[in-house]
Structures are given as structure tokens and as C-alpha cells.
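What follows is a set of notes on a single structure, which appears directly below.
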């Protein structure tokens, strides 16, 4: 029973109380809701994404490759993005997946490095430590159901030892002499294994770069979210070197002969 | 919008068999996700102490974290009591650790193998939330359904009639157990796509037991740290990589 | 100090009738008992120098550093209580990290020194705390170029071309004033800084000392790092030679 006499006998709209039939304190609120009104939203989806990262061991260290594209769904949104990031003097981290999460990762790694370097104790973080740290971060975030939506390859060379390992948004880790994330895990990984497994200690830098270039080209032909602009990172005893943007030489002549692709009418 | 799934399955299979005075814990080294082989070498079997070995299978990230935490608890135990935790206590520890995550479980099947304080070989198997029991043998992982019936038949002699006046042995000798383990994994490799690449077998021998059963086995590597106690070995074998 | 014993010096939260806060003045005294620390802001960078008095022969050389790194490009030298210096350094690192998180760029030395001045000042307000017994020289290079600031126990923060705190600050300031700081190079500044610390050190009264020096600027690629051992040795050699002809 509504004890508010002015309401008696009036029509009522429960969505919008046009007649002011409710007492103020129980008037329905149907204003547009704030984005976060339904409690905090944690689980997300990747928005601006990078595709494959490739990495292999070779004679003198580790070589990695990633293209410069950051996609917004199927839109090639940013075509000058660096997805290989140096961490200190011995390590490179390459990322597929959400690029804003990757920028966040770059930031926390920067913080960690500053915290370490301000100790001035002569210790520096190597690839092993960076990978362990990132594994813990990624696993902790997935356990909060608030993952950093990335697949990361971490490659490095320190104290005469090569290191190459993977970690992703679930905190899953593994290492091998060839690694590939994203679409590259399907397309490039078999090619890389064939070319590298058993030859890790023989491959020269030039051969390693040729293998990666070949795989990047295959990926550009086959992966709709890839780009023919890419970079190569080399980590050896000499330190980290990340190339400038490289352009893939491709040929699309064959397309003429594919029905439904070229200019054929029938 | 599909929500984030914090779990995945990383394939592989583990297996443990207890003898009268020894225990064997084995696992393959392939790690996979779907049809992808992530790596051909990711250990699933871990030495905890000189008399305890833990095999983990399921979601690899949870498995690695779980092993890390168990090892940490065992180290704290050593600091507090100046000795290694007994096997049955490790088993109970694992149960409480798993159950503490009852409502966000470690998606991992554990098998613990080793030597009890009374010198007997033992195998404990767990489900992801901590139910556990001591057994003579157990297989877990995607190829469990291939291996467990085979072990039931060969170790528990299920569906086998002893010869008149004879009885089945309760425990098999080490040599026979190793042969069964290797055969199990070669067979699982043939018939299951998630099994293969490499095999790691940990062998824990009771205090004062000789090496009988290990002679002639190729590539045995000893991992024992303390003297005059149980001894622990690892044997590695290649498995097919296809 | 005629007001001692009147009760107004027991708490930092109480003024004396003539408007002073004695706890802050006592903190300043703690600084004056300490080995000298100097900072030079020159053409292409900054140099920090500390006269670290060795109170025991049993100490390991290089122990108890009084120059600390706050961020890649910022360092600080303290005069006063060593432990307070550690606390301030940790606070400075946190502040620096926070500024970075907010602006996604390296903080300027001024921003950082201002924040630590607020921190020091907060310790002059409450009866439950004592003011820091240190004066801190913040030095570094940022987007504005080389810069040098001093934060006092009172919470005062001022920028300088050349700064000196601790026991020998008067003499050090006199020497600094003779230099054309804005024309010196970092290398020249290292030599001068070493010379000043040696001059300021009172051989008769004091025990041994260690010269501790760091720099940041073009020579170091913008990083705050210790002065390399060979340059430090050269500077000390020249400082000793200069000492012979001094006065």
C-alpha cells in the first residue's frame, strides 16, 4: 500500500516517474549508467593487437623477428609499432597480443630495472631473471582473472649463455631452440624447427636472419593480420641490436592465375 | 562476450609404480596446447627430497607454480626440523595445499612417489582438489585411459587367473617395473598425440637396498644428495617425436 | 642558545615564544657535525663529492656510501645522519617512480627535490617525529639540463650552481664561488670537486677520509654513476698536489 496520498489514483510509469508519483527517496533511477556501474570489470579482450613473434637460437646467440603492425580487429591500425623491446643490456622481449598491455609491461620492466640499478651493487638483470619475473607477473595477473593479454618471447645472452623462453597470458612457460607466437606457431614454427633443430650451434647470424626473413615472408603471405615491415633483434656477446624497419620483398604475380582473385571475369 | 578462461590443458602423461622397497615415477617431456607442440622438453617430474618425487600433469603453469610452492614448504620444514619431510607427510601437505584452493583449483593431477619411513615403496595419487590415496600404481593425464587398464592387468593381475596352487606376487621386481614403464610410454606415444618426445623415469631405492634391477640400464644418473639413506636416480629415454 | 631548558625544544610541534622550532635547529646541528658534501652544476652535467670520514679502520673501503642513486639520471649526496640519508633515498626512489607512473617521463630534479622538501617539512610538524638530521644535495640531468638542489632539515629547497653542506661548507662555498661553474666541463668539475673536498678536510682534527664522487651529464650519457676509478685517482692526485700550494 502506497501511503503517499498524492500518488493515489495516478497512473504510474515505472521506468520514468513523469508525474512524480514516488516519494523522492524511492523514485526510480533510470539515468544512463556509468560504464563501470556493474562493479569492476576485469576480464577483457585484446583491442589493439600485434601478431606473431619469431625467435631462434643460432651460433652466437638469439635472433628474433616481429613485424611493425598493430591491428584494430581486421583494420591495420598502426603500421609503425615496435614489438621487440630491449630490456637492459642482455635481453629482448617480443610481444604478440594486446599492445597497451605490452606498453604496461615495458613500463613495469623499466621500474624494475631502475629499482635494481639504484642499488648500485654491480648486479644486472639478465634474460633468465626477466623471464622469471615476467612469468610471475603473468601468472599472478591470470590468477586475479585480470590477465595481461600477451604472448611474450624473451631472448637474451649473458655470461656466455643463450636463453630463449616463452610466457603467455595464462602464465604458461616453456623454452625451446625455436619459438613462435600467434599465427606463427602454426605457420612458421614447423619451418623454423626444420631449419634450426640440431643446427643451433652451427647457424651463422646471416643464415639465422635468412631463415627468419623467409618465415616472415611466408607469414606475410598467409597471415591477414601481418605486415611486410618488420624488425630483427640480435642478442649476442656483443649485446643487443635491434634493426631498423626492414621491408619484405614479395611477389604477387601468381595471383593473376587464381580464379576469383585477379581480373578474370569468368 | 566470452569471459577469460584461466585454464588450459598442456598434455603429456605421468605414471608411477611402487615396488616392495623402491618406487618409480615417470613422465614424458612433451608440452602441448591443442595440436601445437610447445616444446619437446618440459619436465613434469621433480625431485623433492632424496626419497620423494612429484609428478604433475594438467595445466602446466599451475603445475610449475604448485611444485615451486611444495618445494618451498619442504625447505621451510628442513629449516624448522633439520630433516627431510617424510613421504606420508608430504602427501598430506599436498592434500591441504590443493584443498586450500578448492574454489579456484590448481588444475593439476599429482602423483607422489618415494619411500616411506618403514622402507616400503609408495605411490600417492591426488585429484586437483586434494582427494588422495596410497596405491601401488597410477597413471594420470590424457593417456590415463590407455595406461591404467594395462597397469591394472600387469601389476594388479586383474583378469588373470593364477596357475593352480600359485598366487600372484604383490610386488614386481625393479627390472620388470622399468620394462612396464618404458612399454607404457612407447605405447601411449603410438596411440596418443599428446604423448612423446622424451621420457624421464625417476627411481627411488630404499635404504640399504642394492642396485639390483638397475644393472645394465643405460644412462642412469644418480641425484642423491645425502649419504647412507635412500638413493635416487633418473633415466632418460627418447620417445617418438611425431 | 639561551632558550635551552625552557621546554620549547622538546617537540617539533611547538614554537618557542620568539617563533623558532628548536628541533629543526638541532637537526641542522646534526648536519654540521658531518663530513662535507658538495655539488657542482656545470656546463654539461653535475658532479657530487663527499668527504666520507672513516670512523674505524675496520670498515671495508667503499662501505656506508653517502652518495646514492635515486633514478637513472638523478643522484643525491647527504650530510648528517647516515640512516636518515637511506630513508630519504628510498622515499626519493618511490617519489621518482610515482612521477614516472603519472607522466610516463623521467622526473626533473626540481620536481623530485620539491617532493622531498615536502617530505622533510612534514617531519617538522608533529610531536611524534623528529626532523631529518640531514641536508641533501640532489643533482642530475633532465629535460631542463643539469640541475642541483639542496633540501634542508626545515624543508627548505633551493636550487644552486654550487652547493656545500656539512662541516666544511663555509670554506667549500668560498672555493666554489671562485669557480666559473657555468663554463666548466664535467671533467674539470671532478678535478675541482676533489680539490675542494681535500682543502676542506681538516687533517689535524679529523681521522682518515674517503673521497666519494659521482656525476651525471653528457660524459655519462645522462646517467648518474660513480666517477670512474682512473679519473677519481687522477683527481685525488691533483687535489693532493694543489693542497701543497694552498694558502
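Per-chain numbering from 1; labels A, B and C assigned in written order.
As a working rule, a residue touches a chain if its C-beta (ideal position, glycine included) is under 8 Å from a C-beta of that chain, and two chains touch if they have at least 3 such contacts.
The model shown is predicted, which means the values in this text are computed figures rather than measured ones.
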item: Chain whose averaged C-alpha position falls nearest the assembly-wide average; value: A
item: Far-end chain from subunit A, centres as C-alpha averages; value: C
item: Whole-Å separation of chain centres (CA-atom averages), subunit A against subunit C; value: 44
item: Distance from subunit C to subunit B - Cα centre to Cα centre, in angstrom; value: 61
item: Inter-chain centre distance, subunit A versus subunit B - centres from mean C-alpha coordinates, in Å; value: 35
item: Residues of subunit B that touch subunit A when the two form their complex; value: 1, 3-4, 6-8, 10, 31, 33, 36, 38-42, 59-61, 64-65, 104
item: Of subunit A, residues touching subunit C in the complex; value: 107, 110-111, 114-115, 117-118, 120
item: Interface residues, subunit C side, partner subunit A - complex; value: 65, 68-72, 93, 96-97, 100-101, 104, 226
item: Residue ranges of subunit A in contact with subunit B within the complex; value: 43-45, 139, 142-143, 145, 147, 166, 170-176, 185-186, 189
